Structures are given as C-alpha cells and as structure tokens.
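Chain IDs A, B, C, D, E and F follow the sequence of writing; residue 1 opens each chain.
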Amino acid sequence: MRPNRIRELWAAGKPALNCWITLPGTLAAEMLAHQGWDSLTVDLQHGGSDFASMCAMFAAISTTDTVPLMRVAWNTPGEVMRALDAGAYGVICPNIESVEECQRFVGACRYPPDGYRSYGPKRGLLYGGKDYVHHANQTLLAIIQIETLQGLQRVDEIAQVEGLDMLYVGPSDLGLALGREARQNQTDPVVMQAVDKILGAAKKAGLKAGMHCTSAEYAQTMIAKGFDFVTVISDENLLALGAAERAKLG
Amino acid sequence: MRPNRIRELWAAGKPALNCWITLPGTLAAEMLAHQGWDSLTVDLQHGGSDFASMCAMFAAISTTDTVPLMRVAWNTPGEVMRALDAGAYGVICPNIESVEECQRFVGACRYPPDGYRSYGPKRGLLYGGKDYVHHANQTLLAIIQIETLQGLQRVDEIAQVEGLDMLYVGPSDLGLALGREARQNQTDPVVMQAVDKILGAAKKAGLKAGMHCTSAEYAQTMIAKGFDFVTVISDENLLALGAAERAKLG
Amino acid sequence: MRPNRIRELWAAGKPALNCWITLPGTLAAEMLAHQGWDSLTVDLQHGGSDFASMCAMFAAISTTDTVPLMRVAWNTPGEVMRALDAGAYGVICPNIESVEECQRFVGACRYPPDGYRSYGPKRGLLYGGKDYVHHANQTLLAIIQIETLQGLQRVDEIAQVEGLDMLYVGPSDLGLALGREARQNQTDPVVMQAVDKILGAAKKAGLKAGMHCTSAEYAQTMIAKGFDFVTVISDENLLALGAAERAKLG
Amino acid sequence: MRPNRIRELWAAGKPALNCWITLPGTLAAEMLAHQGWDSLTVDLQHGGSDFASMCAMFAAISTTDTVPLMRVAWNTPGEVMRALDAGAYGVICPNIESVEECQRFVGACRYPPDGYRSYGPKRGLLYGGKDYVHHANQTLLAIIQIETLQGLQRVDEIAQVEGLDMLYVGPSDLGLALGREARQNQTDPVVMQAVDKILGAAKKAGLKAGMHCTSAEYAQTMIAKGFDFVTVISDENLLALGAAERAKLG
Amino acid sequence: MRPNRIRELWAAGKPALNCWITLPGTLAAEMLAHQGWDSLTVDLQHGGSDFASMCAMFAAISTTDTVPLMRVAWNTPGEVMRALDAGAYGVICPNIESVEECQRFVGACRYPPDGYRSYGPKRGLLYGGKDYVHHANQTLLAIIQIETLQGLQRVDEIAQVEGLDMLYVGPSDLGLALGREARQNQTDPVVMQAVDKILGAAKKAGLKAGMHCTSAEYAQTMIAKGFDFVTVISDENLLALGAAERAKLG
Amino acid sequence: MRPNRIRELWAAGKPALNCWITLPGTLAAEMLAHQGWDSLTVDLQHGGSDFASMCAMFAAISTTDTVPLMRVAWNTPGEVMRALDAGAYGVICPNIESVEECQRFVGACRYPPDGYRSYGPKRGLLYGGKDYVHHANQTLLAIIQIETLQGLQRVDEIAQVEGLDMLYVGPSDLGLALGREARQNQTDPVVMQAVDKILGAAKKAGLKAGMHCTSAEYAQTMIAKGFDFVTVISDENLLALGAAERAKLG
C-alpha cells in the first residue's frame, strides 16, 4: 500500500504542512497540489465541497504526492467511510466531546477487528494499491477536534482512545466555547491556555497534534511550540489577498 | 448583520409569504426570487435539491431581498450547520417528537453559549455581513415541524424549548399520522383539530406558527386563522398548472 | 425503430402540443412529461440547459411517451449531431437565412446518403431501438426557424430544402426583425403578416408549420390558423404564475 | 401503483437477477437497464453516486422495466426516505446489528401506521402512480445486510422485525468480520457457514435472501442454494474486463 | 435597465478594475465579488468554467454590484448570445483578425437593427430589468482581443467597426505572435510596441482599451499609460501565492 | 515537458493500445487508467462527456501514466484549444474532407508560428510541466478522421498537411459513406479497401495510422496490418458484456 507521507514526515521528525480547501473544484485542487504542500484537506464541514466534488478533487490531488485528507461535517460513520473509500488518507472529525464519540469515529476509520469500517474502498484501492485492506488501519489517519468545554474537560481520556492519531485544534470554535472571539491565529491567553492543554494531552498520550493557522508566520510559531501538523493557509485566505491587490489601486 | 426580513415583517405585524422549492436549479430559484416572495424555502427533505445545488440556489436567491430558508432531510446537526454556513436565514426541521430532539436541532442553529453550532459561516459572512457571529443567534430562524402523534402529544413542552422560533405544520404527514389522507389544504376536521392544537401551542409559548398550503385561497384562510408564515405554493404546483393549459386544447 | 409520435399525430390529422423547457433539471422534466404533452423541447439557445443536463433530461422524458425535442444555440453540426445521439427525436435550428444554411442544418440531421450526420447514436439506440440507423432519417424531425428579414425574403426557396420537416415561428425575434416588439402571442398586424407568410410557405412546400405561444388560448387560435405544432406554454411561464398567487395575498 | 417486478418474480417462484452500480452516470445506467436485468442497485455506500446522481439515474433506469434499488451509506432515516421519494422500489441498509437498528430502518421505509416515513414522494408518484401512498408499504422492499459478528449472533431475532423483506449477504464484510478475507464469491468454509446461517434465518422467518456475487457461475450456485435475489455482476467488474482485453495484446 | 457600472466609471473618467476568473465555482465567485472589484470576468476560453458553471457564477456575482463579464472560447455567435442571455454585461472575444470577424462578433452582441442577436434574455431580464431589450445594445460591452500579426496589421480598420466598445490586450498571445515569450506583465520592447499600437488604435477610434495584468503594480503602470480597463489579478494567481506561504516554512 | 508516451512507443516501434471512453465520470476513468492502457480517449463527439466532465476525467487519468486523448464533436478551434488547455495530449477531429479543413484543425493544435493556438494551458502546465509552451507543438498529437467520400478522394493531399500526426479510421462512418453497414470490426471488402487506402496514404505521407476496433482479436489483426494505434475496446462495449453474464442465468 502507498505509504502515508505524513507518517513518513513524522517518522523523520518533521512537521507536515497542510493547505485547507474550502472551495469545491478539481482545477483549483490540482493547482494547489502542485505547489508542494504535504497534504490538502477538503473541508466538508464548513467548506463548499460535497461528496461528489470531493471524489473528483481527490483524483486531481492524486496526480501529485500531496496527501488527500478531509474533514467530515459531523461524526457520522457513513460519511467517514465514504471519504475513506474515495481515497482519503486521513479524516478529521469535528467536535468530539467524549470517549464514546471518539471511539465511534475511530472505529469507522478501521476495518475489523480494530473497528467497524465496511469493506469496499473503490478509489482507495486505486490510490493505495491492491493490498489496501491489509495496511489501511495502520496507514490512514484518524484525527479529531477538541473544541468545546466538554471536550476540553475530557481531553486526556479522549486522547487514550485506541487507534486515534492526532488532536487537531480549531481556534475559532475553541474561542467561542471559551467565551472569546471566533478567530484564527489566536493570541488570547484564555484560548492559548486551552491550546496548550490540548497539545499537552496529545503529547502525553503519544499522539500527534495539529493546528489550524492562516499564515506562515503563525504556523511557524505553532511548529516551534510542538505541533506536528499545521494548516498554513486556506484557498479562501488566498483569494482574499485579491482585495489587497485591488486596494493598492485605490 | 443583514436583518432577517421575516422577523421584520413579524415585528410589523405582517405574515410572511413563502414559496416552496422542490426542484433544484439556480435559474428557477432566481426567477422565483424576482416575483416578490418574502422567502423561498429549498426543500432537502422531499425536494430534489442537495447541498451543492442549494448553495448555488442561495446565491441566486440572494440577488434579491427574498429570504433564503431550507428544510433539512432529518434532524442531523451536520446538515443543519452546513445549511446555515451556506447562508440559510432559517432552517425547518421535520418530524420533531420530543424536547430532546428539539433541543438537539435548536442547539445546532445557535453558536455557544446558546447552542453548539460550529463556527465557519463561509457564505453566511458574505450574505449576512462581517458581524455575522455576533447577531446570528438572534437573526436566524429555528423552525420545527410537529407531524406525528408523539409530537402532537408533547407539542406544549416542545414549544418551550429555548431559542425555538416557529412551529410549522405539514398537513400531509399530520393527516397520515392521524389515519386520514396525506393531502395539502386540508379540511378534514380531525386534521384541522390537530392544526389548531399546534397553532395554539405556538401562540401560548410565544412562538410563531407556519402553515404549508398550495393555493392563495387556502393560505389566506390560514393567515386569518392566525398563522404568521404561510407557504402559498410550490414550484411543483406551478408546473402542474401546465397540465391545465394542455387540457384546454383537448 | 420507435416511431415519432409527432409524425403519427400529423398522419392522423392532429396538431402536436408542445411544452417548452427553459430550466435545466431532470425532476422538472419528468414532471412535465407526465402531464400529457405530445412533446417537450429542451432549449439550448435561450434556455439554461446544456448538453449534460439535456442528456439526463431526455432520459427523464423517455420514461413517458412524450417526444423529446431540442433547440440548438446555433447552426453548428457538432451540436446538432450530439443532440440526436442523445436521443432527440427532432431538432429546431434558429435563425436560418439561406438555402445553404438550411442544407447545412438538415444535412447534419441525416445519415448518408441524405446528409452527413456521423454515426454513433448512443442514447439514440437505447431510445429508438436497434434498427435506429435504418429509420432515423425518416423518423427524426429537422425544424428551422425563419425569424429575420433575410429569412423571410427567402422563405419559399428555403422551404424547398430536401429533408426539411417544419418551419417554426419564434414571434419575438420576428417582431424585432420587423422593427416591432419582441413579444409572444403577437397580434401586431405587421408581425402577423410575416407569420402568415411563413405558414403559407410551409404549406406550399408540403412542410409542417409550428408556432411558439404562451397560452392555450393563443395556441388554439394558431391551430385554427393551420399550425401543425404549437408550443402552448413554457416552464418559465408556469413559474411566473406564482407571482399571481402571491399577488392575491396582497 | 406500479407493481414491484421483484415481488412478481418471487410470486412466480423465480429469483431476481440484479446488477450493481458503483459508478455514477445516467448514460451507463440506461445502457445497463436495457440489458434485461430485473433490477439495478445504485450503491451509495461504497459506490461513487450521491443523491443527485442517483435521482437522475433512477429516471434513466425507469425508461425500462428494470426495478430501481439502492443501498444507503448507513442506517439514517433521512437518507432512506429521500431514496424512496426519488423512486427507489427498495433500499438495502448495511451493517444491521440489532432488532432496534432494524426497526429504525424498516420504519423509515413505511408510512404510518406501519412506520414513520414522511410523506412527499415526488418521483415516487411519477414512477409508482397516483395511488402510491396506499400501496407503497406493501410494494417497496426493505432489505438489510447482516455482516458483523453481532449481526450474525442476533440474525434470528432481527429477521422477525415486522415489515422486513430480505436479508442480503455482503461476503466481503462477512469475511473480515470472521477474520477471513474480504472477498467476493467466497468458498472459505468459515464464511460459507455464516452465509448458510443467514440464508437459514431468512427462510425460517419467511423472508427472502439475497447474495452479492461477481460472476454468473457463482450466482447460479447461490440460486441453487436457495437465494431469491442475486447480484450477478457490477459495472466495475465489467470495466475490469477491459484489462483482460488489453492483456491479450501483450 | 440596470446601468453598466463600467460605463459609469468611464463616464466619470475612472478606469475599471477587473479580476479574472479561471476557476469554476459559485462560492469563489461570490467571495471575489465581495472584495470590491468593478468587474469579474469568467473565462471560457482558457479557464475551467463552462456554460452551466458560468450561469451559476453570474448569479453569485450578481449578489453584489460587481459587473459580470465573460470571455468566449472563440468567435461563435451561439456562445456569445448564450452568455449575454445569462446576464453577462460584456463579452470579450479573443483572436479577432479582420473587420468581418469583428462584425460577426459585435453583431452577435446587438439586437436588430444594430446586429443579429436573438431575443430571449432569461437571466438578462432578471439582472438587467424588464426594459432590457430597449437598452441592451447601449449597455452591454462588446470587447475584442487583437493578438495576432494579422490583427495587429488591421487594428485600425477593425477598431472602426460600429458598436465595438473596447480593444483588450492579451500579452501572452501577443508575445507568441511576435516571436517573443508568452508571458504576462510584459516589458519586452517588441511586445510593448505592439501594445502601444493597439492602445493608440483604440484611442484614435474613440474606443476604450483594456489590459490583462497580473499585479497591481503593473496594472497601475498600464492605467498611467492610458488603459481604461485593467485586469489586476486572477484567482489562479492568487492561489499561487500559497506556494510562497509554504516556502516560508522551508 | 512530460513526453508523450504514445510517441515514445512509436519511437520504440510499438503500437499504442487505446481504450475509448463513451461514458462521463471520473471514477470509471481512473479505474480504466489503472488497467494499463497506453491511452484513454474521451469522446466528445458521440460520447456523453462534455468539457466539464472531461477536465475532471483528465485529472483522474493523470494519476497514472496513461496518456489522455480526446475527440472533438466537430472541427471548431475553440473546442480543440480548450481540450488541449485541459491537458489533452492529443485530439482526434472527425470528418475531415479537405486540406483546408485539416489545416484549420492542425493550426488550432499548434502555437505560432506553426499554428494559431491561443496561449493559456491551465491544466496543460500542471500535467505537462513549466516548459510546456516550448515543447507542446512537438509533443501533442493532431489526429484526423477520414470517413467520407470526399475525404477518401483527397486523402493523399490531406495527409500532406504540415503538423498532422495520424489518420484515424472510424469504420462505422466509413461504412455508411460507402453505402455499407455502419459497424465496427468490419470485414466488408468495400470498406476494407477504403481502410487500406487510408492506411496507405498515412504511411506514404510519413504519418501514423489508427484504427477503431471493439475486440482484442480484431485489434491484433489491425496491428499486423500496420496500424500504429488501435482502440481495442470501449467502456460501453465492456458494459454490454453484462448482458452476456445475465444471459447465462437464463
């Protein structure tokens, strides 16, 4: 089975640099994949893609070595399994608040006996290779987001769930949950304390930690802080740079 | 944040006139939006639209002042949140049968601390404005349908759920639930008694009440009865008028 | 090969009642097809459909006996042939102004030796049957529109083109061409004189004549006048009836 | 209401021959429908179709007498009901492990009082006929898959669920669940023993039994074994035959 | 009819700032439209959009005051007219080499008696208003590109074509035509001499002149040079800035 | 620039084995690409794909080494150039009947000074590499079909057109043109004589020759005859094998 380049980077002690895809479309996905990102994450929670566009975008991304990841809208097994069948090499699940929810998610990512994923990885076989079924459980990444008060409180026990690979921090929801602002690249001490808590819980449990950023500068700080996976920027952020260009012309 | 015209109508003591969209397609949606409806509801339960077509249709509707609403297929938080992120100014959830189910739905419509909606309103920000996060909880409409025996029985307690805005009556399911016909523009006394019960429960709880109709005549009667929101007609009903035209020619 | 019901109606001395499809979408197309129209015309000139949506709509229409027709955007052989391959049982070509243009169009509708249509009728074989190639030239309808001054002037010679089946009148363009209003259901004597000229030319040449209308009343008058094929209404006109419903409510 | 040809075949003591659709697309669906299959199953679990493509494919299939079935991604009522509204004459639900889960699924397939399906069968009415609501509960097929250890253990009680029509065997997941290979056309005695158990449970409960195969030979054996419904081949298997053609050329 | 803001800017002596859309998608289009561009041009020549995506994108753009423009793949009347019907307020036609070609293009943009555009502006009426037909010829922009040796040679006569509004310079093709590099933001004196020739021809003929740039700096220079319309940047250029972000992280 | 594997095979004295794609869809395209074909041809003449689906399919094919080709609906420069921009490494143009038509087509495939292709190869750059513009004219294949009496008559002069790479035989149209059957895998002596004429003309002019077949056996014979490129089978033929499977079951 094709190895997961993110795991390879981690094995080599390097962080993975991710770009976030909010906008559906194969041409944009293929252009982004050619820019050297370690991974691209198609967002089906807050982004505009759906299952059909994601499948075509995964094919477009797979013309390069960039690893295709995705975020599900919610912790629903059918959606998780369909993304993996379509060739996702990792899934991010938002809003996990308990061990039980985490197990439900991780189980959907793993074939028996490790989980309850159903067999039929159509694009998975094309992208991963014919021995997919034998290595998928060890290759694909199961990633969750801790972003609520409940989740924060139970982060240590949640992090113990067998088969979980990474805790991913979404600073906007974390900010809202803590009664602060819903924003990226947070510096608010209340939010940053929670970020540290999640990072610490991940490390303590032997997991990787990921952070959603919107600039290289901030991402650099987060890598320095110990994060193993950083979203550096999103397609949406990049489009917004157009406004700056326009503004220069008055 | 752009105000919700439906709330403005209500504040002015006027009912909102809604048209129902069963058929996917941006051109039809934009045409309907230009006919002066207060709101258009894209139906993802019994209609043919899906998330992708709905997003494009919301953009088409947003070329006018008509308020974009939608109905989810079922009470699933991921689906509700994605519709709001796409710019829905209200969501109708079918088949609510208990306080718990209602809370699960309403919570998905509200940011913390009022609910558990996750932050990332991509089209929401474009349509609503940059201060979206601060006013969304007060602006967007959370609407449920009471259409089963269980729901009817518990309608008064369900109506007490904090944050709920409206009870919407779907007469077909109500008819079936009561062992009567699954039809619109009901006159069956058994069904009408249930309609009155829902209307009464809404009013008692300080909520608005909505009714699904398929003619201006019937909608007029329902407004007179006290309904604050009426679906007057659907695109599907309108197409069926074609048969009448054809019939005139023998 | 499945016979063309329009030709059967004509053989029985009856006019064909057509409904016009401006809006893309399979569900709407299937709903319209179930209303008893003799034919449905998917408009790729002024309508919102494209090749992909038309193909799916033809399948939806073909769940009934309603005959699938289409109008091309312009007189381009590739577009004409692709529509026929997709199962169109007739093509309307706008804006024909000369014998040469008409031959170019009709030739694209006919296999050699009658024309230069290329072979490969994928959906055509499914819809028409395995002997499609042997009967297609006699079954499919080649229809043109005369709607410019040049076209009007040469209508008699154009009508002589071998293999042509019908002249179809689009009153809006005709109105504009004559310096009058671009409107349907014309009564303007200048335009009606041109309509009569086209109708007369068709009859003289042994062709059928078709008229684009937007109400049963007007269509009835046109049938009485001698037209063999009338578009009674369009999906777009039907949606516009929604405005009337809304207006009744103030 | 249009009768369900699969039930008619069963009434005549004949098995139903099904073809499996992994690939989205109306043209392929219509081509397959013209090959004489009793039914075509659009797979929304492991296949590439989504709701939008399935709707168009159901229309394409409905140009013939082939019965449209589908498999949902997971046991979610919204998805089940939407498929039926779109005209599915049967739904296969994967991974049922308890009586409760089975009831949740079957209930979503049946209108009150038999279940809790919501009314609004848009394409269902077109395909099934105007009396759809009165016969749907007896016409549409509710089919589940037993493919886990839990499911196997409880197969007899699950098979007793009122309104259930068939147990369908997916040999890949069954193989994985039993610690064997995830493959089709199984001969592994451990897996075959489980297959026999499911078949037996179905028969004992008066249900039909279905089997997923990938060749006519294997399907023949399964019919001989007592299966009432066999998937003979999938579109994906058929495409893979291309590799054999290529291989002949070196 | 809704006025063309580009014409209004010109009347006020200001240049119009355009952003170029290479990537299909309504969400990206709506995001770009909210950044304050005077116009957005959907490219159907070298971009990934097609008619269907363009129609939805025009609706998305029309939620703002940004003017929707498009570039056709080639000088084909059907394509030009369909874009205008969909609500384009201007069309750019590439590769014009003669007066005749230019007339063919401009004629497709104008209703009789000024041209031969066919009537049926479905979205045009929604976007432009009910009096569209009476003002369209004076409102919509007909823009051509001079980018070949033949075109350059005849630029003065081409610029005389009645109804033409602007000459738009595509520096890549111009570079190739002159045996230089196919690049944007040209400084090559051979190419710049040709640019000056086109600019001069436009001014002499009383036309506007437009320039395709890929940075605010270069666009500023071109405005200073006398260009009335500048494409400042494209969505594709903006995405490429992602590579720079990534590079900062090593 | 990424070399064209078909040219490499030819340089090595080997024929290229092509598979034909009639059905739109990225998953099927990616599955076929993984079967070891030298090239896959997306057919926009008689197949169901359009520009949008073709672009996504090219990305899917480009996850492998299989060369993406396409056939245009007709000899229209805009369509040819758009296919190349989307990453086609060769275009087949049907129905060429004269030197002039052939030049028009070949010129659309080549940048100046060899032709008049316009610059902007969006996916071309991603697939081919950054030096695309400098090697495209020598890398991409310009292929025409001779399939009419006129074409046959002038085949020798047409084959002399500078820049042309291959003559491709479509036996169905050839059959019709000669008054024989429109079928594949022809053995009719009248048709085979014409096939030999085209093959001979190609060889005499130093061009390659290609043949459309529907079985490995026939393709083998054509290779033996001297053809350099054979279409062995189509996705449509492969699906039709399903009927054979079904037939085995009675």
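Criterion: a contact is a pair of C-beta atoms (placed from the backbone, for glycine too) under 8 Å apart; a residue touches a chain by one contact, two chains touch by 3 or more.
Because the structure is predicted, anything quoted here is derived from the model rather than measured.
J.: Identify which chain pair among A-F, B-D or B-C reproduces the interface of A-E, meaning that over half of its contact pairs, matched by residue number, are the same.
T.: Match found for A-E within A-F, B-D or B-C: B-C.
J.: From the centre of chain A, which other chain's Cα mean sits the farthest off?
T.: C
J.: Mind checking the centre-to-centre distance between chain A and chain D? Centres are C-alpha means, answer in whole Å.
T.: About 34 Å, centre to centre.
J.: Chain D to chain F: how many Å between their CA centres?
T.: Taking the mean C-alpha position of each chain, the two centres sit 39 Å apart.
J.: Residues of chain D touching 2+ other chains?
T.: Expected reply: 22, 24, 26-27, 31, 48, 50, 52, 55, 76, 79, 122-123, 236.
J.: Strictly by the criterion at the top, what is the full list of touching chain pairs?
T.: Pairs of chains that touch one another: A-B, A-D, A-E, A-F, B-C, B-D, B-E, C-D, C-E, C-F, D-F, E-F.
J.: Can you name the residues of chain C that touch chain D in the complex?
T.: So the residues of chain C in touch with chain D come to 26-27, 30-31, 34, 55-56, 59-60, 62-63, 122-123, 126-127.
J.: So in the complex, the part of chain E that touches chain C is made up of which residues?
T.: Touch residues, chain E against chain C: 50-52, 55, 76-79, 81-82, 85-86, 111-113, 116, 118-123, 133.
J.: If you look only at chain A, which of its residues touch chain B in the complex?
T.: The contact residues of chain A facing chain B are 22, 24, 45-48, 50, 52-53, 72-74, 76, 79, 94-95, 147-148, 170, 172-173, 176-177, 179, 182, 236.
J.: In the complex formed with chain A, which residues of chain E make contact?
T.: Interface residues on chain E, with respect to chain A: 17, 19, 22-25, 27-28, 31-32, 35-37, 48, 215-217, 219-220, 223, 230, 232-233, 235-236, 238-243, 245-249.
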